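Shared chain: chain A. Partners: chain B in the first complex, chain C in the second.
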Partner chain A sequence: MKRKKLFQGEGIVNFSSSLMAIIAGLLFGLIILLISNPSQAWNGFMMIIQGGFTDGISGIGNVLYTATPIIMTGLSVGFAFKTGLFNIGASGQFTMGAFAAVLVGVKMTFLPAGLHWVVALIAAMAAGAVWGFVPGLLKACLNVNEVISSIMMNYIGMYGVNMAIQEFCYDQVKNQSLPVAAGANLPRAGLDKLFPGTNLNTGILIAVIFAVIVYIVLNKTTFGYELKACGQNPSASKYAGINAKRNVILSMVIAGALAGLGGALLYLANSGRYLQVLDVIAAEGFNGIAVALLGLSNPIGILFAGLFIGHITVGGYNMQLFDFVPEVIDMIIAAIIYCGALSLLFKEMIHKFQQKRTKKSAANGKGDK
Partner chain B sequence: MNTFYFVIQQTMFFAIPLLIVAIGGMYAERSGVINIALEGIMVMGAFTGIFFINIFQSSLSGQMLLLLAILVSGVTGGVFSLLHAFAAINMKADQTISGTALNMFAPAFAIFVARMIQGVQQIQFTDTFHISKVPVLGDIPIIGDLFFQNCYVTTYVGILIFIIATIVINNTRFGLRLRACGEHPGAADSVGVNVTKIRYAGTVISGILAGIGGLVFVIPTSTNFNGSVAGYGFLALAVLIFGQWRSGKIFFAAFFFGIMKTLASAYSAIPLLKDLPIPKDVYKMIPYIATLIILAFLSKNSQAPKAEGIPYDKGSR
Partner chain C sequence: MREGTKVDYVIEMNHITKQFGDFKANDDITLQVKKGEIHALLGENGAGKSTLMSVLFGLYQPEGGQIKLNGKEVKINNPNDANDLGIGMVHQHFKLVHNFTVLESIVLGRETIRHGFLKMDEARKKIMELSERYKFKIDPDAYISDITVGMQQRVEILKMLYCDNDILIFDEPTAVLTPQEIEELMKVMKQLVEEGKSIIFITHKLNEIKAVANRCTVLRKGRYIGTIDVAETSKEAMSEMMVGRKVSFIVEKGRQKLGDVALEVKDLVMKSKTSGKNAVNHVSFQARKGEILCIAGIDGNGQSELVYGITGMAPLDGGQVFMNGKEITQESIRQKCKDGMAHIPEDRHKDGLVLDFTLQENLVLQTYYEKRFQSHGFIRFDKIHTYAEELIKQFDIRSSQGAVSQARGMSGGNQQKAIIARELDRNPEVVVAVQPVRGLDVGAIEYIHKQLVRQRDEGKAVLLVSLELDEVMNVSDRILVMYEGEIVADVVPGEVTVEELGLYMAGAKRSVGNEA
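For the complex of A and B:
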């Protein structure tokens, strides 16, 4: 019973530290709005807060649609975090996955409609996994810092995909990838009827399913336990006979596959989005870092964090009504990450305080209280 | 021969910002703070510097304006890096995360402010800084052609910064203390060195240099600033590791990358490369692939500062 109480306490501490980071980030956003245009600031800020709810049911649909890819990149970053790796390469893995999915969607038209999109998703996961494998291997065998190597992989992936698009599936007029075959688009399963006027499809359901799978893998399997052990104490886990090298590689491969799937879910949504041939790193990967930090690397937390970031992103678009630039959302997200980095410390402080109190009360013979 | 001159002159444009920023990174990391925020700080420095030029180019021009802009960029970078220093040193936060936050913040801030003030996100500037030939020095055969023609004053500022920074970190009391804080902060503290202060100094120096580096990168390579320094901060980190955190090696690493980048951006002007049937994106990928390969060879016996990235806790001394 005492144990249960402690767990509850921890949940509350985690949640409150995330909440604090969010509040601080939003306040920071409000200050920026106030400085840039005081008269409209409050209206703009309310737009951010209301987010998807401004447009009722279709707004909520838009939030779900916006959240889908960043939930996947968030899961990717969070999964790697659990193994003590910082997967800043989710952008590259995301781009590779998106390209693989689009390529399958454009080229493999001989596949039957029901199978086409499944193959595309699998291809995306494979491509993302390969892009995660390289930094994982370099880290495990050659001790290369995974942050630097995945940043390099981001750029290699971006230029590589730009080149490959022009080679294999190029729409010269629009400088983007060709549209995928109808069968490669994710089934809508009536979700577009439920949320009229949106591009919502089964992508969000797939993201939720994967969040649950990741949760089960991390918390209910030996493999997940080993991964977490490697992350928390590499020396101890090595001593316990866990193959740390294998786990580092596997962790990056899985993280890559998750991010790659995110790319597929975005670009197979039949929403008029195509892969652009631009020298820009995909922002979804960096938003994934924010999502993972907010969700404290917990898959279920990541699910809600992704929805929240989706929510304020939609709010950012709506805010353009008041002549604000949507980049303010990126600034808010950055501020949230920054405060998140600080609130890890805050969390620890509460934790220590709690421990002290339990010890004290135990010493006084009132352990049950 | 002209092609050779051209390549060397171009290499300066790419290598000097890398050199300045990597040297900045060296100061942060050898004091014990990982500064992954170099990219974001470069963006901030470039943004304020270019904005300064944009505002004052009607009343000032030429080298005076550029030197003032360098000053502005440096101050901005230094101030911006304080955020990272606060999180990393006082708050003992995860330095990679706080660095990532700054990296996300800077481009958004630059684009936001530019669009709020002038409507479009690109900030234009007129290049009045180009020096086609340095008087006297430019007339020296070969050396004059290589280093004193078709250049910018930023090249010499960069070299000057490099020389001063090298001397300071290797031959002064401050430099010794800074290196001690990166290797064994407990020992440094025990003989009365204020680790917090030194680490703040290291991080702020890295911010100042990264801010200057951002401006130095944008001036010769573009005529507007679009909220990005094209991953140069990250490349500078790679240069830092490639250079094994030692100033001399960083110098060579920076020029190695500078040549790589030059080939990527100017290959179409080099007859030999132009005729090869290789798509332009391959050239763009080469610096990053080369980085990966080099890191793979170098990381086994890395000479990274021992206490890098570990917040100093007095209690664990």
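For the complex of A and C:
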């Protein structure tokens, strides 16, 4: 009886619609593989499916490491989305956060080791928050569409950070940022021993904690209630005396802070990744949109969506063994999101299926009596 | 039609059953429409009228029953099938494209084409002929967004006629119209049946059924109650069939105990958003405790703007508002709320409810932050739930899943009840109610009027904005008539006739001058 209720819950319907989107996206990926190299297609496809599991424990560690930043950007996009805002500026906020964290990591060496990384994380959140604040302010006070202003902020962030790296913490030989002090790296807390051969650190734990915090804020607090009211019906929230302007700004600030923290978690991992001086907008921001959509903007859903995208991304790297380019993964992710947009259709199908089942079981029940 | 032992029906819907989950929206309903009649479909909100029509129109597939057209059984799988069978529908909420012209809207889906290009000449000719025949005075090149709601409805009607539909469904067509427009619509409907068309007229307004319908099928809570001859049945009998109990049309009011001024508006000015004129032009009035003050007038004469100004939904362009002697002009909406202003908004979907929230979340829309519902920023869902259950019981709000039903899935009447429960339970000083019974059935109307009168009897001031003369005359203690943003009359219901009121509303008469 209980199992049946679970099956009929709205949550499970949402979950299965996402699952169907994933399956459809993967099938699409298989077709692409078949077109590009039929003989190896199946092996390559299995690599994607196995993802991190191919390399055993270290592979799983890599999945967690890859998932960490996109979980944070996913939370950022999802959080803003609950307030009715489309934060396409997660990339810029992510870059700003990453830079702030690296800068603190390189320059503020006077801080004791235990405190250094904490300060770096806080700086990252502050920088991301500022980058979210600007579009939020423009939206609230001047009704400037946040999509446009946050796209602009992406470019300002990217070029600004490129300039700032060259100014403050430049490694000229490698055209990238200087390595941060050892104390600024996130503690590993034994995770590297648990997952040997990986760059795993407490970053993933921080991401999980933030997913839970975001969930609690959205669902259990008056603040979350206000944010959702503003997102779902701005007129009614105005009517109810909710300060919509303040909430729009706050929502963007928090979204920015989440994305900024994502930047810090990636670049303070002592993984050999440095901020590159490249004219490319951080992909993590856009992957965050994908993660948020796949997770249906639910923080816990985003957590798992991030892990899944991390999983197949690692699978994509492994796939190079079979002469495939890892970009195939990007196409598969795109296809999954595309199918995710059809989630309404999937939902409808699931509802139909449920109805049939209940009808059948009702008929069976009659038969028993 | 020949009169014989067997009556010919254009449409027969026999024993229709339609289920949504465990909920039977239609339970063994039979509807038989004769050719050339106006057949009213009467029922409260949520009685299953719209579901039944959606079945006829092919939007839903019934679980049981059959549909016969001219005696032959038909299967209607989608609205296109319905259209091919000559069934057309004017929906309650029009389905028009706003940036299309009238002509484009009418031919949409049935464009005449030559060599792949649109060929509008014939369509235009046919539409103009139709428009002429029914005296629609329609401008084929006007944009939908620029024409009035009444005109939009005519476009919808023309659309059905353009497709040569013979069976016309009107889903609550009068809900959005002014009294004059309603009268014209009735004439058109009569003309249509004279020309041999058949009309199914969905409504819960008994006056309109009396005025135009030949026969009437009554539904209650998804069940078929009966089909009656309108001419032989009294309004009281029909409403009893519909609601299942006797309904009083007269609003009972206690003796008036007038108190101090509760709400005062001084020289209020609101600029119009669309034209340079003042939508509210230097309006001043006082509402006292223990009175229902009614703002009457034809829609669009500044009533909405006036309410927006008083409640703080839009900034004022001049003037002051006082409540119990305290100036509240510049106060935030929340502060006004705390001071005791209740606002039953005109548009319950846009302003009154967050439709994707649950009923209980909607019931605390203005009070969620109060100590009783939160501790340290965390919402106390258990308290909200108990509170909601209480209101649901007290105000008889019906929904499929009680306190946790989504507001979107509730019927209009129950949505309105939820708003009223929320507003009145705050124990307000001043109640501003804008068309609180719009689109509701007699049972709900009676209930809501009772609630408003109770507020008055308890010594609150009620500001009621209404477009319906019945409501104005029955409920109010004093009437202010608004015309073009100004108050043109200040009268008492017993001392004024409906005709006189009509003259004031149309701007033909004026008893109150501009206050200089």
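Here is the rule we use: the second predicted complex is superposed on the first by the 335 of 369 C-alpha atoms of A that agree within 3 Å, B and C clash if a C-alpha of one lies under 4 Å from a C-alpha of the other, contacts with A are read in each partner's own complex, and residues count from 1 in each chain.
Criterion: a contact is a pair of C-beta atoms (placed from the backbone, for glycine too) under 8 Å apart; a residue touches a chain by one contact, two chains touch by 3 or more.
Since the structure is predicted, the reported quantities are computational estimates derived from the model, not experimental observations.
Q: Does the chain A-based superposition show chain B and chain C clashing or fitting?
A: These partners clash in the superposed model.
Q: For A:Thr221, select first, second, both or neither according to whether it touches chain B, chain C, the two together, or no partner.
A: second
Q: Looking only at contacts as defined up top, I'd like to know whether chain B or chain C touches more of chain A.
A: Partner touching more chain A residues in the overlay: B.
Q: After the superposition on A, what does A:Ala229 contact: first (chain B), second (chain C), both or neither?
A: So A:Ala229 only meets chain C here.
Q: Taking the superposition on A as described, I'd like to know which of chain B and chain C A:Ala240 touches: first, second, both or neither.
A: second
Q: Could you name the one stretch of chain B listed in 40-48, 112-120, 148-156 or 184-192 that collides with chain C in the superposition?
A: Between chain B and chain C, the clashing stretch is 184-192.
Q: Where on chain A does chain C make contact in their complex?
A: Touch list, chain A to chain C: 220-223, 225-226, 228-229, 232-233, 235-243, 355.
Q: In their shared complex, at which residues does chain C touch chain A?
A: Going through chain C, the ones touching chain A are 21, 313, 332-337, 343, 345, 350-357, 361, 365-366, 368-369, 374, 377-379.
Q: Show me the residue ranges of chain B that touch chain A in the complex, using the header's touch definition.
A: 36, 83, 87, 91-94, 96-98, 100-105, 107-109, 111-113, 115-116, 230-231, 234, 237-238, 241, 279, 281-282, 284-285, 288-289, 291-292, 295-297, 299-300, 302
Q: Within their complex, state which residues of chain A touch chain B.
A: The touching residues are 32, 36-37, 86, 88, 134, 138, 142-145, 147-149, 151-153, 155-156, 159-160, 162-163, 166-167, 279, 281, 286, 289-290, 293, 325, 327-331, 333-335, 337-338, 340-342, 344-345.
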